[in-house]
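Look at the two complexes coming up: chain A is in both, with chain B in one and chain C in the other.
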Partner chain A sequence: MAAPMLRGRCLGRCWALACIDSGSRHGRGAATGFTSSGKRGQSFVAQQPLLTAQKSRKGEHKWAAVVGLEIHAQIASNSKLFSGSQVHFAAPPNSLVSFFDASLPGTLPVLNRRCVEAAVMTGLALNCHINKKSLFDRKHYFYADLPAGYQITQQRLPIAVNGSLAYSVCVGKKWRQVITKTVRIKQIQLEQDSGKSLHDELRSQTLIDLNRAGVGLLEVVLEPDMSCGEEAATAVRELQLILQALGTSQANMAEGQLRVDANISVHHPGEPLGVRTEVKNLNSARFLARAIDYEIQRQINELENGCEILNETRSFDYKLGFMPEPNLPPLLLYDTASLPAGADPQQVINIDRIREQLPELPSETREKLIQQYGILPEHSFALLNEVGLLEFFQNVIKETRAEPKKVTSWVLNIFLGFLKQRNLAVNESPVTPSVLAELLNLLDRKVISSAAAKQVFEELWRSKGKTPSQIVSERKLELMQDEEALERVCHAVMEGHPQVVMDMKRGNPRAINKLIGLVRKVTHNRADPTVIKEILEKQLSS
Partner chain B sequence: MWARAVLLGHRSWMGWHRGFTSKTDPQGSGRVTAEVIEHLERLALVDFGSQEAVARLEKAIAFADRLRAVDTEGVEPMESVLEDRCLYLRSDNVVEGNCVEELLQNAHRVVEEYFVAPPGNISLPKQDEQQPFSHN
Partner chain C sequence: MLGRTLQEVSAALKQGQITPVELCQKCLSLIKKTKFLNAYITISEEVALKQAEESEKRYKKGHSLGALDGIPVAVKDNFSTSGIETTCASNMLKGYVPPYNATVVQRLLDQGAVLMGKTNLDEFAMGALGSDTGGSTRNPAAHCGIVGFKPSYGLVSRHGLIPLVNSMDVPGILTRCVDDAATVLGVLAGHDPKDSTTIQDPGKPFMLSSLTDVSKLCIGIPKEYLVPELSSEVRSFWSKAANLFESEGAKVIEVSLPHTSYSIVCYHVLCTSEVASNMARFDGLEYGHRCDIDVSTEAMYAATRREGFNDVVRGRILAGNFFLLKENYANYFIKAQKVRRLIANDFVNVFNSGVDVLLTPTTLSEAVPYLEFIKEDNRTRSAQDDIFTQAVNMAGLPAVSVPVALSNQGLPVGLQFIGRAFCDQQLLTVAKWFEKQVQFPVIQLQELMDDCSSVFEIEKLASVSLKQ
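Let's turn to the complex of A and B:
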């Protein structure tokens, strides 16, 4: 299995199953220091040069780390959470802003039905209890990109609580063993996004674009059940896949549609939890694991040097800025049993209906792949981990008679390898599923050998428009079909190299390989090595 | 000025104060510590620079504490006068926006089509660093 496709999966050297040794060097190649762009002007993690851990003379005490996450996902909707202005990634500044978004006096919030449905879908997919009654609150703080001076959120009674997210971690040698871990979900709440600030240091001013202000967010709070950066990154990746499968969020971290804040503390196993620090606004999947591990190591080093962990966010933890949102009544949801008779369908949301219409989740898809095609679990992960790869795989399977295991191997090793080398996405591939299917058919019918197939694939990648059959005939790669001719060649080679034949008779296993090589040369590689071997052995024994 | 300050800080202060006094001072004698003042100042962005202001604050809190004389055992708090109303759900259509010129008219300063704000949040200096308030 080629290494490149394991992006986003736990790579086995995870410390999930063991405590972190105080003496061990942090092996993840940690970042050399980073700025968490502190929200609201707070800096949460001191920038420190990377410290190499002390030798274990400081004591053999093991450390355990505890990581919790707060994930903000932008809801995929046409309009914003409480107003009818458009949700769109790139647009001229302040062009997607309504009077309400700009917080002009006299405007009121009006809840977007699609956002509520998205929250319910996500809650159901994550095994949450959906609160039939949930409330909106105002969270007050002063910042230029929050024109109202408060954010409408659901602190007291959110729409969904007490769920779980399962993710898989690969451990052991060669990452063969797959273990399922679960992280509890504390709650899911609907809230508004803020606008964007562009800091102009030179002129000592901040430029504000409110296009993003008021966009609907789902905040998913994960309990501190994770113990290292890799686990956190894997959980986030699985959540991303779920949100994308549901269609509730595109969850693209690079475009800011998925943002993660991590709460991290360390302690000795058996002792109470340590002081938490917060690492905010992580917006790259790759960076997430490293940043978390770096913070874990930083805390360990600080504590081992006798220092205390400072939590600068604590002053904001007092939840003093909250009050109920006076302009919004409680949000009531129904199920089939409690649905009021004669209600306007536009004005009520039925949880049971939404549950029935849930699309297939990634875990189900993987299970089906394993059942249907007999592929290994880690392959099912790999197929889902790349955008468009699963569809590509399924299209190839449709058009080929080759065995699924063969198709899997070709798609995950050779095809994906070519993509990664050239940094291409699946939809940018010059080789289409039909073309690959045709090639695999030739291979399956033993028209060409495996080695020849790889050559053809390379050619297909380079020169578009040619079919596999064309390339095979152009380069004369067909396997020799004439068995008798092959037998004659084998006989001739054996006669021409009596010494090697003697070696073979004496039982030297490498001798036969030499003969096979000679036959292949004579036939210009157009004979299947296994068939050659059979013929040689048969001729030898006769 | 102090009256408005008390009003601003008061509502959010109440919830926290209730917890605070129950932990440290069950009698509710109303003594307000320096730590608490600093907190209030951060939240409400108001300067309680003088002893008189602090004393007035303590009196105001004592006044409000008289609410506790009402027995609310078993009574559900009312969150909103709208609590029996129906929450209207809007269809997910784009019907607003695209009015950047109108919006920018309200702004004192603009740069291209951005609003302009002062740089970041200016954090308050700590208690001992603060200049004494010149009370007249």
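Let's turn to the complex of A and C:
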């Protein structure tokens, strides 16, 4: 019944999400929290109805999806884009509002230098061309959380254009193979955030909080080079990491510091692109992928059932144009060559200086990890994917003689596993890097077995304050060092269980495990199972 | 005392001939007597007296702040004044008490000026007596026989000036003589970090030199300003002024500003567009008037804005919205911007050819009686009256209207001087020389009122006409 729906450019993990039954009609109401509205595509709107020609069996036509993104990242700065009021998350309502933010008559915008620098840094990190001259405009619409009746943005000439963002998807068997994909960046512009409205249904009123009004945003526009939710989510994730590495935005989706709008259309490969719809205000990475795929599927279903994709223009998208912002002169940036002589460094921004001071980007960090520690590419992704995990890993490495591959395995599988189970962040872990390092050292010196190490880890997690060594000695988990004694035990066990030995001789693979288990029981789990197995096999063969 | 110039009063205060409080009280008394003129929207009596008392303390100690200390000033009601109602003469801002001072207001207060109150204007400064956007510092000055000075755009901060057209608005200065205007300019001019369109230079007080020799001066007379609607009286004053300069040795030449005739139309497109944008913030939510309707936000916006704005304002907002529509933007707004550039270039070319200052009329004629005034609608009215003053705002140049003579009807007439950008000081120097030559009689309001046989008749007339 299931038929793979999406082919073409979507690879790797996308398969898992793409296997949806095309026969049934999906309901529309399931997903909550986003609004889907159509918008006419610009140069590539396909007006012809895609299905009237050949109405073949459903699922037979291949579909390709095209996804573009508009990402709004709140700039990490002390004050807002055009006024001096502070930027804080979760402050009391309307406590961070200057006269300008409240649009009191006669107030004027004054550009925040830090925000401009953040935009330049981000543009450079994303391989953009930085426009040495950019302009500010007013975008008009009426909404309660927009006090001035317009938003100051950069429509005509934004600060950065024509960049690219590389991200990697894991493909192939067990997703071992890593493919790098690129999405073009159309532009990056500076603009104001709006306030927040809270709808009070009970009293039929809307409450407005202007704390967020005027906070600086970077709008990053990604061209429709992505083909499914997974790609989009991965690109967003990579952008998040870049912004966090640069320090230009904390990019925390849950706190609203990173918001994504997706533009989605579907078409048959080889034909013109379809009508675009927009899915707005996605504020969780996980939800993003699902919502996009859901919309893709919805469009496919609609089209396969002979319907057209509807255009619903946003209610306040009436055709009032932009107007230049008359209170802000053009923003002029310089490089070392064009810097005017005797210019006050406080008054000018030098693009070259900013480029020199760019911190290490995630892609560089991953590359270094692979080179330095010989870990696998997909592990380098995993290490960067969790906040604080890389630092944790590096701290463990510093204090242990164990091989990096071992450390990686422990950090990514066992440690991360424990965190995820208990829904904890790295910085909430009861096990510190030093403690884990000590445990790994014990393992490395073969003081304990792998199984024992896991037991110790569990205990460490539960009871703070105990060192691994303490737990090992308390629970008598030290490996038996006396090989001869172990051989005697093995021999004894084999003598005591001739039937099992017979099974073993007959080639029953489970028989040896039983013997191992028995030996372990006798030795109170203080023997390394791999060594036990070796001894048993040796004794059997002799 | 109230008929003296700023410098004379300042000297009198310093010498103790009059105290700031006495001066303030005289001023308040005259304001009350002339209440029928409806010149003030808000009289800030308590604040003024308090400021006067503090000024007096300073004078007693010999620590006066400068030439403006204790001097009564009035501020048009589209400047934000902290703690004092600021309405822009509009219902929309009735009861709005700002929490901050406009920069120019603050600079005056920092020098010890005494704020008498907020003066009247057309709603949001959108009448023929426009704002310092189309000439409404210079036009009323010409009609009233005082000096009206519009500084270069960018010289004086607009922070706190409730905007009409951000790219043309300039705070304007009205005084009895040119020296006084220079004194005030010295206090107001200079960089304001709160206004990104001001120049970087900090600005400082200056004294105008007294020009004795005008032989090195080149005066330009724009031929396009010789329009048929110009009254013969004003035309003759203009001509006489040109001759005066020539006879004193200055070079006086005819120049051309070819795009003059497009100025008013261009102004209307840009003005209404910016107005539509600037008025978008008046939605009744954060401050100002809010209607009683609470069915929905949209309904509330609509009713609030209908109640809060008068016809002229609403008309301009609608016009501006039209020009800003996506399909109209290129044909109207962008085109008007281009025409504006041409108009500004006209002036650049003229000044580059060796002209120092342009001499033009300020208005078409003396002040027109009220009943005649209201015959024409607002747009026609503006089109007519701003014809000589408007282009200056498009080009951002400094200009000053200086009273030249009384008409046959006994009403004042002024002439306008236009200077190069940021050459405000030079412009005022030339204006001062002219003022000295012309010796225009100072209006003695007190005498005028004493002479008036029936003050009540004036009051009745005024209240009748204002009701319309």
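Keep this in mind: the second predicted complex is superposed on the first by the 425 of 542 C-alpha atoms of A that agree within 3 Å, B and C clash if a C-alpha of one lies under 4 Å from a C-alpha of the other, contacts with A are read in each partner's own complex, and residues count from 1 in each chain.
The working rule: a residue touches a chain if its C-beta (ideal position, glycine included) is under 8 Å from a C-beta of that chain, and two chains touch if they have at least 3 such contacts.
Just so it is clear, the model here is predicted, and its values are computed rather than measured.
By the touch criterion defined above, A:D209 reaches chain B but does not reach chain C. Once the two complexes are laid over each other on the shared chain, residue contacts for A:I349 go to chain B alone; chain C is not touched. Looking at the shared chain after the overlay, A:Q372 reaches neither chain B nor chain C.
Touched residues of chain A, counted separately for chain B and chain C, are more numerous for B.
Look at A:R114: by the touch rule set out above, it reaches chain B but stays clear of chain C.
When the shared chain is aligned, chain C comes close enough to touch A:G106, but chain B does not. Once chain A of one complex is fitted onto chain A of the other, the partner contacts of A:R138 are limited to chain C, with no touch recorded for chain B. Of the two partner chains placed around the shared chain by superposition, chain B and chain C are both touched by A:G321. When the two complexes are overlaid on their common chain A, residue A:P329 makes contact with chain B and with chain C alike. Looking at the shared chain after the overlay, A:A148 reaches chain C, while chain B stays out of its contact range. Once the two complexes are overlaid on chain A, the chain A residues touched by chain B in the first and by chain C in the second are 99, 102, 104, 110-111, 140, 142, 144, 204-206, 208, 320-323, 326-329.
Within the complex formed with chain B, the chain A residues making contact are 40-41, 77-79, 83-86, 92-102, 104, 110-116, 135, 140, 142-144, 197-201, 204-210, 315, 318, 320-332, 346-347, 349. Chain C contributes residues 79-80, 86, 88, 93, 96, 98-100, 102, 158-163, 165-167, 193-197, 273-274, 277, 279-281, 283, 285-287, 294, 297-298, 301, 321, 324-329, 333 to its touches with chain A in the complex. Those residues of chain B lying in contact with chain A across their complex are 11-13, 15-16, 39, 42-43, 45, 79-100, 103-104, 106, 111-121, 123.
For chain A in complex with chain C, the touching residues are 99, 102-111, 138, 140, 142, 144, 147-150, 204-206, 208, 319-323, 326-329.
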